[in-house]
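Chain IDs A, B, C, D, E and F follow the sequence of writing; residue 1 opens each chain.
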Amino acid sequence: MKLTSFKGLITKRLIAKGLSGLMLAAVLVGGGLMAAPSAHAQDTAPAASSAPADSTEAALPASSAPAAEAAGTPAPAMLPHQAALTLDTGGAAWILTSTALVLLMTIPGLALFYGGMVRKKNVIATVAQSFAITALVTVVWMVCTYSLAFGFNASSALQPYIGSFDAFFLNHVRVDTAYTAAKGLPEMLWITYQMTFAIITPALIAGAFAERMKFSTLLVFTTLWSIFVYAPICHWVWGGGFLSTAGVLDFAGGTVVHINAGIAGLVCALVLGKRKGYGSENMAPHNLVYTMIGASLLWVGWFGFNAGSEWAADGIASAAMLNTQVATAGAALSWMIVEWVERKKPGMLGLASGAVAGLVAITPAAGFVNPQGALIIGLIAGAGCYGSAVWLKKIFNYDDSLDAFGVHGIGGIIGALLTGVLADASINSLGAGASVMKQAMGIGVTIVWSGVATFIILMICKYTVGLRVSEEGEVEGLDAALHGEAMH
Amino acid sequence: MKLTSFKGLITKRLIAKGLSGLMLAAVLVGGGLMAAPSAHAQDTAPAASSAPADSTEAALPASSAPAAEAAGTPAPAMLPHQAALTLDTGGAAWILTSTALVLLMTIPGLALFYGGMVRKKNVIATVAQSFAITALVTVVWMVCTYSLAFGFNASSALQPYIGSFDAFFLNHVRVDTAYTAAKGLPEMLWITYQMTFAIITPALIAGAFAERMKFSTLLVFTTLWSIFVYAPICHWVWGGGFLSTAGVLDFAGGTVVHINAGIAGLVCALVLGKRKGYGSENMAPHNLVYTMIGASLLWVGWFGFNAGSEWAADGIASAAMLNTQVATAGAALSWMIVEWVERKKPGMLGLASGAVAGLVAITPAAGFVNPQGALIIGLIAGAGCYGSAVWLKKIFNYDDSLDAFGVHGIGGIIGALLTGVLADASINSLGAGASVMKQAMGIGVTIVWSGVATFIILMICKYTVGLRVSEEGEVEGLDAALHGEAMH
Amino acid sequence: MKLTSFKGLITKRLIAKGLSGLMLAAVLVGGGLMAAPSAHAQDTAPAASSAPADSTEAALPASSAPAAEAAGTPAPAMLPHQAALTLDTGGAAWILTSTALVLLMTIPGLALFYGGMVRKKNVIATVAQSFAITALVTVVWMVCTYSLAFGFNASSALQPYIGSFDAFFLNHVRVDTAYTAAKGLPEMLWITYQMTFAIITPALIAGAFAERMKFSTLLVFTTLWSIFVYAPICHWVWGGGFLSTAGVLDFAGGTVVHINAGIAGLVCALVLGKRKGYGSENMAPHNLVYTMIGASLLWVGWFGFNAGSEWAADGIASAAMLNTQVATAGAALSWMIVEWVERKKPGMLGLASGAVAGLVAITPAAGFVNPQGALIIGLIAGAGCYGSAVWLKKIFNYDDSLDAFGVHGIGGIIGALLTGVLADASINSLGAGASVMKQAMGIGVTIVWSGVATFIILMICKYTVGLRVSEEGEVEGLDAALHGEAMH
Amino acid sequence: MKLIIAIIKPFKLDEVREAFVKAGVEGLTVSEVKGYGRQKGQTEIYRGAEYQVNFVPKMKLEAVVDDGAVAGAVEAVKAAAGTGKIGDGKIFVLNVEEAVRIRTGETGSSAL
Amino acid sequence: MKLIIAIIKPFKLDEVREAFVKAGVEGLTVSEVKGYGRQKGQTEIYRGAEYQVNFVPKMKLEAVVDDGAVAGAVEAVKAAAGTGKIGDGKIFVLNVEEAVRIRTGETGSSAL
Amino acid sequence: MKLIIAIIKPFKLDEVREAFVKAGVEGLTVSEVKGYGRQKGQTEIYRGAEYQVNFVPKMKLEAVVDDGAVAGAVEAVKAAAGTGKIGDGKIFVLNVEEAVRIRTGETGSSAL
């Protein structure tokens, strides 16, 4: 069955009631857990189909065994963000796949995209960053950030700003529970799928401080950033927070992932300062084959990122995939052309950078625009990001080593704004509510919170573990200095 | 629900009527678009299920939201190649995945397979070819080649030879439309899946002129070749053209993709001439690890290419996957053994080349033969392609740098012919109509058109942008000469 | 519809009858094939849904075309391990994907994980091992090992120990047959999926004798080992053999794949002896980027290995995926921390090794434990495998080159035992039967059979083809010596 | 003419090249080498295996200069390459009997 | 005996090797080097960052020859390595006091 | 002082280094080189194309030693590097006029 899109619900005015009702239910839950499910089921309709519907569905062969068994026994209490699972096997198959695809984006995708761009003496340290972040964020997500991002806060005053503490350590999560906005998918799948987004975001930031940050600092920074920057912004946009209720459209993470990572990256580049020898030494990418592999895996994996964000295998998911392909191609070509004109030669680095710029820009729009719109977004993003990565960086003269801000920050902003312009209601009814102003509001809030919080976290690191490796270490190379390893 | 295979329909005589009727409808469409759908719906049955059926199906929970909405309002006009979407979520999930797998074949798969085989000074330029082709063909497909390949021409006189112009820029494509031959899949998914085939075909040709063609020429050549060679041949075999009506069997692209690319490659090798130093300099592959990665990703991605070509997740798709695995293994082993005997040592390059030869040969047969047949095809293809890549090339003394013809041309021909011999009706009822003569006819037509048209396109390039890089450039290496980049 | 888990059935006492009944049916089959299906259908219920149910299901649009056709004509005789296919399209879509993912683990995943760890002069030979094993085992599986592992032996006295000979060359396998334990999946898909497990197991062993075994020996060893070690153990645990009836829990292959490969690896390391220069020469990994790519693809592909082992896209599959992610992350971190303390620096090799240790350890537990349990398993496995790979190897002073035993043997044992401790019946009802004693029994049997049989096979190789390359060959490097190839 | 061979720490390459140029040396040839001496290489440890690398990466610069320019060049290099730490490297001077510029055929000092 | 050091453009390697052989030189040793001189390296530009590569790739050939064979060898190399373009390279000649063939222990010219 | 240049088979590197040290040589510099001589390279065959590699990989060791230490060092190297097979390599001895230790500025033998 078609998943009722949560983003959709809350952007529709008439549902505001349902949501406030949901808050109410959440409060009730505080009072009496046993009472919660039914109350929740009623108040959040159509978000949650009514209780009887659930039970009948649960009886269908289509539902998972545990659910079936549960149907017999009285269903145990659920948290306010949970609903009974009514399995959509086709959708589940696609999201299981999408989860693998999005993980593929970070390891080995992003690791290679970045690893190829640094100098040979830093390649191991650079790929180790993506790999370590993957492991670290997974544990942090399970311990607390999932609950903070997607839990419904029992207090209707707090819910717009932060999730709950009830699902820490994935407490109360069962094989037969689902997230209210995607009742066709097991909650455990929802958790893993969303986890892959929480992983890639800090990994993207690493491009801004590549070749100079301490490994220990990276771990501390990532932990704090996941909790205090990613979790809240994710909750605001996707967890029923105030940005979603305000009607900000972000299909797959232009705001939550890319603008957020881009701004954080800019702050990091400014606070850490330039690499030793920046401007004088040759810091050209040492292995563009690695970068090509990385860009390709990002491209392929992004299908899971964008088409997976429909949480089903249907027409909108197909539109998201087609749009992703078209925008990415358009951006790669427009970056190539601008570079060809200015630099006289089109490069592999340019093709790869342009493709990523397109992937970033189409992310918020993937399930809202039509293919023609996607092509326009791609063409603009390719040229726009070239400008920011090449000219802007020169003008303001900061060392955003691998252009985390230049590509993800600017690309994300271009995409978020154009979503407001190009959203097509015939592709996705939610597109009807699109507005550039709302989008700009979402961007602004993200920039402010991400910028300020990232700065504070960096200061904490600076005066505790310290930010940069020693100068000798930077000269010797981070592979040897930080990891005692080398490419032979 | 089971997809009614388009190839199937038209190979069955009794449907010829339906098709001519379709042409008729197509003409009507020209006259009055509003009239088209119903007319089309009736005439092309069972190709398209009747209008009432549509509406009821649209009412099922299984159909996508937009479709559901559409059901309320009067459905807008559809192009003759379109049908209403009756979503098969399991099938859609598998084809979404298959699309990602086939894209993975080109980037980074083919890029690395080829990149590892060239000399180090040309590796960036070689991988850039695959990457740039991916971006370019995507846009060309969206602009016109999809419509030319899969649109139904309003003129029944033209339809056997070329598609329509109505879907340029994907005009009239909606989230609730499907392609008539695959009504369970959203048309936007169909477009993206078929696009990945259109991408890899010219990318394969690049192996024949590796290490010497200008980058600008590559872009011009690819654009013209996609429009004048790929689109028509694709239409003839898969778009309802004269080869499909003639009963030529090509499950996943042995003719359209591999023979086509192989012949075009041979023509390119002959027209461009040999690389400087061919025969005297050592041009051994510089990095067989890249080649191994490429061959492996081709192998894995080919599951999407072959098993995905069933357009559903069912028994035939499973047979296609099993056959692909068996044939590939058989070919890798038979190439290895022949090489072991002749060269005294079995090499990684041989294992990889043999595997690709098997993948190519099983492509047209994947969903038609049984596993024993697949093993036979693989064993013959491995030895046969070794012969063409090693002996044939020596005898006729041309420089098919990376054996685009030796592996894809010869492998494709072997597979296409053996499909006629080994097709098993108990695997796929369409296999009943199999005939070596029909297959040979399809091969012949493809060779002639691909050969002649490719030659003309090369001549156009030669007298406009020029074909080869300067001699100094070839000596210095294409990475520096064309892209101003280097491996450090 | 939910697949009735075969492992499940036979661990449930009450089904023992059903199974013996099944054996009975199998015998009957010997007598009169025509009689078999019905007999089988009745006796194995609920393993196989009753005949009428079948036919009705076959009538549903959801079932595949061939099945539908079959429904009309009298169904041909089936082998005792077969049942009529009742297609679960969502499940099939996920397992088609999982098959691709598990193949991705071996090529290029494992090839790169190992290839990066050897010295540069041996990298081509090392990746060629994984690639050649993939091709070889595919053919062996099709010829005989599938039948030996998953066929039901007509003799109830032999069935506990070995499968049948009836499905050699995949005889009697049709597009509309299914394996009794997974009636929702086409048998051809089941064959291909299980094949990928048979492929990776011997490929894992190669890590123990890397950089010194002859290529020809590798091929002979792999063939014999697949037939005499993998096939029987696979039958015992998953093919209805005595370990499954004894209630040993192995969700995705901790015993069959990892302990089995680990022990075989240890025996190989001891029998072949150390590499020339071991201890004096620097044998540090030559390219940790390759190793990182390999570890990442193993991680991503393992989703197909573990979540795919539910043979459906449901809640338990989701739990398996989530558990895999959590345990892997936990193990990577715990290995990193122990290494950081002991070696003063955390390395990329450590992060990758820890992740693989976690993947191995969670394999038998993936669908049985809850996320908290998975985290515990991961943390223990990371530290435990560090100990065995670093300390144990030093103490007993053997050359397990790439730690096939240290990581897969020990990791597998840790996971198998903890499955008995942490299995949670609320995740998977089969968990109820969990017991550490049963698990230890399974481990013990595997160690003995794998150890003894591997030793005998090595002796056969030693006195026929010989085990090691010449000393000059080892010094010159296996790339040149065995394959006449080199990295340029 | 003399051949000046300077073995230095890799990261000093650009400074030393400039020093040569300042000292009037118009050309030189560089090779990546591995050095053995008082400065020991770092120890690599992986999975328990420990290995003391005997060689440390160095750069070898070779410049042929006029007899008159030798002293100045040597001084310049010494100044530019020194860090005062062990492993700074060596300078060797050998006699060169003839020099030819391939392009022009010029010989002797004018070939430099 | 003399040591002939020739620094040449990489793609000339095979031609120069043959020239040496024709001139009766039976063995030589080659190393990949980076050269600094009148010929400047190309500028790398990536994402706006511009960098002038100071060094150009060259090949260094070293051959020890009999005093009598020096003149002919130098001529042969000059002819083979020349393109007339800047950066063709240099030839240097140094004196060698002793030569030993490790395998046989032969010394002097017979060791070459 | 003399410069001893030894061209040897790569896998002999460690043995030769130790031989040098035993002979009292405290430092040396190594470069990876390709050698051309009596020993021919292996032929590469790929997809029918056959190519005879002209060069074989070798290691070049350079050590500057006191005049007194030359004889001993040469003997030691000869012993350590020999396998009796073709391609064992060569030892050349050149005169060195000056040596400087960059770190301390010491010159002559004390700089070694």
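One rule holds in what follows: contacts are C-beta pairs under 8 Å (C-beta built on N, C-alpha and C of every residue); 3 or more make two chains touch, one makes a residue touch a chain.
Note that the structure is a prediction, hence the values are computed from the model and not measured.
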Interchain contact steps from chain C to chain E (minimum; 1 if touching): 2
Mutual neighbours - chains that touch chain D and chain F alike: C, E
Same-site or different-site touching of chain A by its copy chain B, using the half cut: different
Averaged-CA centre spacing for the pair chain F and chain A, given as whole angstrom: 57
Geometric centre distance via CA averages, chain F-chain C, whole Å: 51
Distance between the centres, which are taken as Cα means, of chain C and chain B, whole angstrom: 34
Cα-centroid distance, chain E relative to chain F, in whole angstrom: 18
Sequence positions of chain C contacting 2 or more other chains: 88-91, 93-94, 97, 281, 284-285, 293, 343, 347, 349, 484-486
Chain D: positions in contact with at least two other chains: 14, 31, 44-46, 94-95
All touching chain pairs, where touch follows the definition stated at the start: A-B, A-C, A-D, A-E, B-C, B-E, B-F, C-D, C-F, D-E, D-F, E-F
For the chain E and chain D complex, residues of the former touching the latter: 2, 6-8, 31-38, 54-55, 58, 60, 74, 77-78, 81-95
Touch list for chain F against partner chain D, complex: 3, 14, 17, 26-31, 64, 94-103, 105, 111-112
Interfacial residue positions of chain C with respect to chain D in the complex: 279, 281-285, 343, 347, 349, 353, 389-391, 393-394, 403, 406
Residues of chain D that touch chain A when the two form their complex: 11, 14, 42, 44-46
Chain B-facing residues of chain A, complex: 1-2, 88-91, 93-94, 97, 101, 119-120, 284-289, 292-293, 295-297, 299-301, 303-304, 307, 312-319, 321-322, 325-326, 328-330, 332-333, 336, 343-349, 351-352, 354-355, 370-372, 375, 426-429
